[in-house]
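Okay, handing you the structure first.
So that you can tell them apart, the chains are marked A, B and C in the order they are listed, and the count of residues begins at 1 in each.
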Amino acid sequence: MIRLNSVQRWSLFVALVLWAIIVIFPLYWMVTTTFKLRADIYAGPALIPWVDFVPTLEHWARVVARYQQVTRAMANSAVAGLASAAAATFIGGMAGYGLTRFQYKLGFLRNRDIAFWILSNRVLPPIVLVLPIFIMFRTAGLVDSRAGLAIVYTMFNLPIAAWLMLEYFKQIPIDLDESAKVDGATYMQILTRIALPLARPGIIATFLVCLMFAWNEFIYALILTFSRAQTLPLVVAGQATQHGPQWWDIAVMATITIAPLLLVTILLGNRLIAGLTAGWGQ
Amino acid sequence: MENIRTGRIWPVLKYGAALCGLIVLALALIGAGRAEPEPEVVDPEELELDGVELRLGVETGHALGDPIKPYVEEWEEMTGASVEITEIPFAEIFPRFMTSFHAGTDDFDVVIILPTWLGDMSQFLVPLDDLIEGDDMAAWDDVLPVCQDIVTWQNETLIMPLDCDLFMSFYNRTAFLDDDHRAAFEDSYGYELAPPETWDQYYDIAEYFTEQDPDLYGAMESMSRGTQTFWTGLSRMVGYVSQGEPGALFFDPEDMTPVINSPGHVRALEEWVRVVDVGAPDILEFDVGDIREQFPLNTGALALDWASIGFIPTDRENQELIGFNPIPGPTEVYDHDTGRWIELDEPNRVPYMAALGWGAAIPVTSNEQEAAWQLIRYLSSPEISLKLVSMRDNYDPATGYQPFRYSHFENIDGWVESEWDRDRAEEYLEATFESLTADFVKPDLRIPGAFEYLDELDAGLTAALAGEMEPQEALDEVADRWDAITNRKGRDVQLRLYRESMGLE
Amino acid sequence: MQKTALTRRTLLLPAVVILLGLSIFPLLFSLALSFGDWGLGRGIPYEWRGLSNYAALLADGRYRNAAFNTVLYVVVTVSIQYVLGLALAWGLFLRPPGGRIFRVLFIFPMMLAPVAVGYMWRLMFQSRIGAANFFLAALGFEPVRWLSARWFAMSVVMMAEIWQWTPFMFLFLYAALMNVPTSPIDAALVDGASRFQVFRHIVLPMLMPISIAVIMLRAVEAVKILDTVYVITHGGPGNTTESLTMYGYNVGLQYFNLGYAAAIAYTLLLVVVAIAIPVIIFFKKEVSYT
């Protein structure tokens, strides 16, 4: 292991703190903006509350007063995000498990090729797919619905979910399946009692990654929703009105939008990193 | 290994494909079974609206969404209906409604839109003529003729006005009345400091304040991309190319050749670009919202904006600050026919109806058209619309609704009741009325693709303002792209509709 | 036996159906659209126009400009993201004090909605009210027109992209570093190699495969750039900072010129595929080892 003397350790620390400041500052700037009066915002940069400006809850109060719009967008984001992340993880997990435990053949496509085909869907630009999807959804009555969004997000997360889950299942030795089989376990039992518990870190990481992509997604939501199913990123973008960007409202909505994922990251970040490290590193 | 079975994926695909096919078929059937609702003609007075749910789409925020809310709520209580308001940001409002219309989905019962989109939207909207006729509440005869014309497309009235747009210039009255400034200005420029009548004066004044007063920026105008800068641009251009004759601003009405890169347009843009140096330091990032937030804080000398009273800060406290002035003009006008500049005795101040004015319409997909009309006629009625345009119950800044009825202009008491200073209200209404009843008020573009034409213009103007392109180069490119749009949409059709919408047929 | 076959098929079926229905079918649909025009909802039937949409692209200056911008966004942001991500991963690999906290902190930006990130950066770079010019002034520099001059506006977009996605590089490179076998490193250190030599000659080569993979993955995502451009510049001034996805969005869903939009989207797809093929080949090799 490489060892550092204490001068090196602390200079490294200072360098990392500098980057941490770069990471934090835009967040800090936005959150403090939510507490500034309009006049303070236009008066020029003010950094420190109570020193440079007197904080106000005016903007938060206004958003709270219009809470229906916010809560609906939040519910839409949550439903579409959670449902699609769960579905993508589940369906992707099934595919990943199948591809590591059985051999498939489709013409010249073998397991490996099928896996690549699934993953390759991830690279398709949404702008290519979204118009036809819109037309299909219109026929199906799925435009501007949570269900429609959840379906699209499942599709768009499926490649990455299948890929991540495949990587985890690959690491669970088939010998374990073997011995369970000898003990008379069915496939279902092998899956639920052996594979799933062992792959749990991977499942959590996959779920989080899918949730993140769905929660933050913009272009599909922009085109496939009009009103009822609008998600949080659209409400954030919607604060730029004909009459100028309402910085205070934008900042409040953006803060509301990013807060849940920030919280999740703080709580589960180390687990996510551990999960990805275990699954991806080799 | 024994437990790895060799299998074929073909059956999976086969069933999968069959399933997909079935789903698509089923969906197609559902789609085909959906019929267009038949609008029924029922006397609106007799409608029972308990339990009716309406969905209204309007632009986000302080300007348009918020001001109507109190009256929508009032109406809900009166009728027992409920209204769900969807707010959409400006850049998305045309695409959002159009996709919804194209999709044929029943998303909105009332949409608040701009007549400039009528060329594209007309086929998706319910004609209102039969409903308007004889309806006392809608009081059609009370609407100014010019505001009636813009909501009429192909002889059908498709929008009930809530607004009638006009561009105006504003000046900082406090600064203009300051004796030191008046003396210093006259010393430097040789004429009296007064609300500008020409663009040269406008520039001089902006330059003077930028150089002499550290607390005041010379001018505030919308100049950033995607924020309707093109309307400020057109309002500035119109005086350079037209004395009121139609068809001099956008296309040659004979063959749809764009005239947007004519010497008149180019000179207007060149003079506009000079304003960047005498405007607010961040003027290139401005849109009208920034003007409305900042000008009332006593930070600017001059501004260009729509003539909505919402420009005045809503605490109604420093109403004194804001002076209204019809838009300035150039002293020469370019004549397309002779290709020469004509000297004028008076500055050519041509009022321009940028965006034409928001109004309410009913999509044909709505299943609640009768109830929707009930709501619309209530909002547009003389009584309620006066409250809207004078911001009676609205203390958030910047209403986007401007007066459009004779009664709005006559009933000064109503404005005083909305806490406006009588003199300010009179000055404002007089300036607006004069412009709206002028012979040469210029209507905006309404033909199909107007959104796209104007977006291309927006790109050209903002590129020139930011110094990324020369004005001539930028407008030549706009002209090329306009030609391409016209060719794509069909030159003959566009020409016919353009002539009609300009009143030439 | 029968039951096994059923299980086997059931496992793969949903994924295949979803991808066929919502990915492959739309892909083909778009392809057809790109060779013609279709007036959605206006009762105008599909009209075959052969290659005319693609031919028009060649003469379209706005398209060329958007394509150029897109390439620039990708090349600049992805390379800087990689260098920063690698530096951060290496820094944390050396076990600094507070490493576990930094590790979580550093992945924050990639968890945030790009729309919100775009506004965050636009707010900071507003030339009069933003923090950036405030700091420049404090350092004695003239204020900069960040959002209204082409190259500055593009650099703000790039900074936002770099800020947001450096964590992605960091995360995967860090994960890979943690799995690097330590014995060669220890052996080299015993032989008196410097840390830089260890990094350059042992660690970096071992990170090569994963580096190529993450660079390509990021590049494939970066080509689709929309949210940050949409929010920070809206393509302006003029259309000088527009990306391909944004142009395609404008043409398709603002101007409703569907065929042309599909052609734009398809050229974007070609670029993506060109970048993605090496990734696919790379992953194929990787998997065949295991």
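Note that a residue touches a chain if its C-beta (ideal position, glycine included) is under 8 Å from a C-beta of that chain, and two chains touch if they have at least 3 such contacts.
Predicted, not measured: the structure shown is a model, and the values here were computed from it.
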Problem set entry | Pairwise touch network: line, ring, star, complete, or other | complete
Seminar exercise, completed: Comparing A-B with A-C, the busier interface by C-beta pairs is A-C
Seminar exercise, completed: Rounded to the nearest Å, the gap separating the Cα centres of subunit A and subunit B is 38
Exercise. In whole angstrom, what separates the CA-based centres of subunit A and subunit C?
Worked result: 15
Problem set entry | For subunit C, residues that touch 2 or more chains besides their own | 4, 8, 12, 16, 25, 40, 128-129, 253
Exercise. At which residue positions does subunit B touch at least two other chains?
Worked result: 5, 7, 9, 12-13, 91, 99, 103-104, 227
Exercise. Considering subunit A alone, which of its residues make contact with at least two other chains?
Worked result: 42, 102, 104, 114, 136, 223, 237, 245
For this session: Under the touch definition given earlier, write down the residues of subunit A that touch subunit B in their complex.
Result: 38-39, 42, 69, 101-107, 109, 114, 134, 136, 138-141, 143-144, 174, 177-178, 181, 222-223, 226-228, 237-246, 249
Problem set entry | Residues of subunit C that touch subunit B when the two form their complex | 4-5, 8-9, 12-13, 16-17, 20-21, 25, 40-42, 61-62, 126-129, 143, 145, 147-150, 233-240, 250, 253-257
Exercise. How about subunit B: which of its residues touch subunit C in the complex?
Worked result: 5, 7, 9, 11-13, 15-17, 19-20, 23, 91, 94-95, 98-99, 101-104, 123, 223-227, 280-282, 284-285, 449, 451-452, 455, 459-460, 462-469, 474, 477, 481, 488
For this session: In the complex, go through subunit C and note every residue touching subunit A.
Result: 3-4, 7-8, 10-12, 14-16, 18-19, 22-23, 25-27, 29-30, 33, 40, 84, 88, 91-92, 94-98, 100, 102-117, 119-124, 128-131, 133-134, 163, 171-172, 174-176, 178-179, 182, 185-186, 189, 195, 198, 220, 223-224, 226-227, 230-231, 245, 248-249, 252-253, 258, 261-262, 264-266, 268-269, 272-273, 275-276, 280, 283-284, 287-288, 290
Exercise. Taking the complex as given, what residues does subunit B use to touch subunit A?
Worked result: 1, 3-10, 12-13, 24, 27-28, 30-31, 55, 57, 59-64, 84, 86-92, 96, 99-100, 103-105, 107-108, 227-228, 287-294, 297, 299, 398, 400
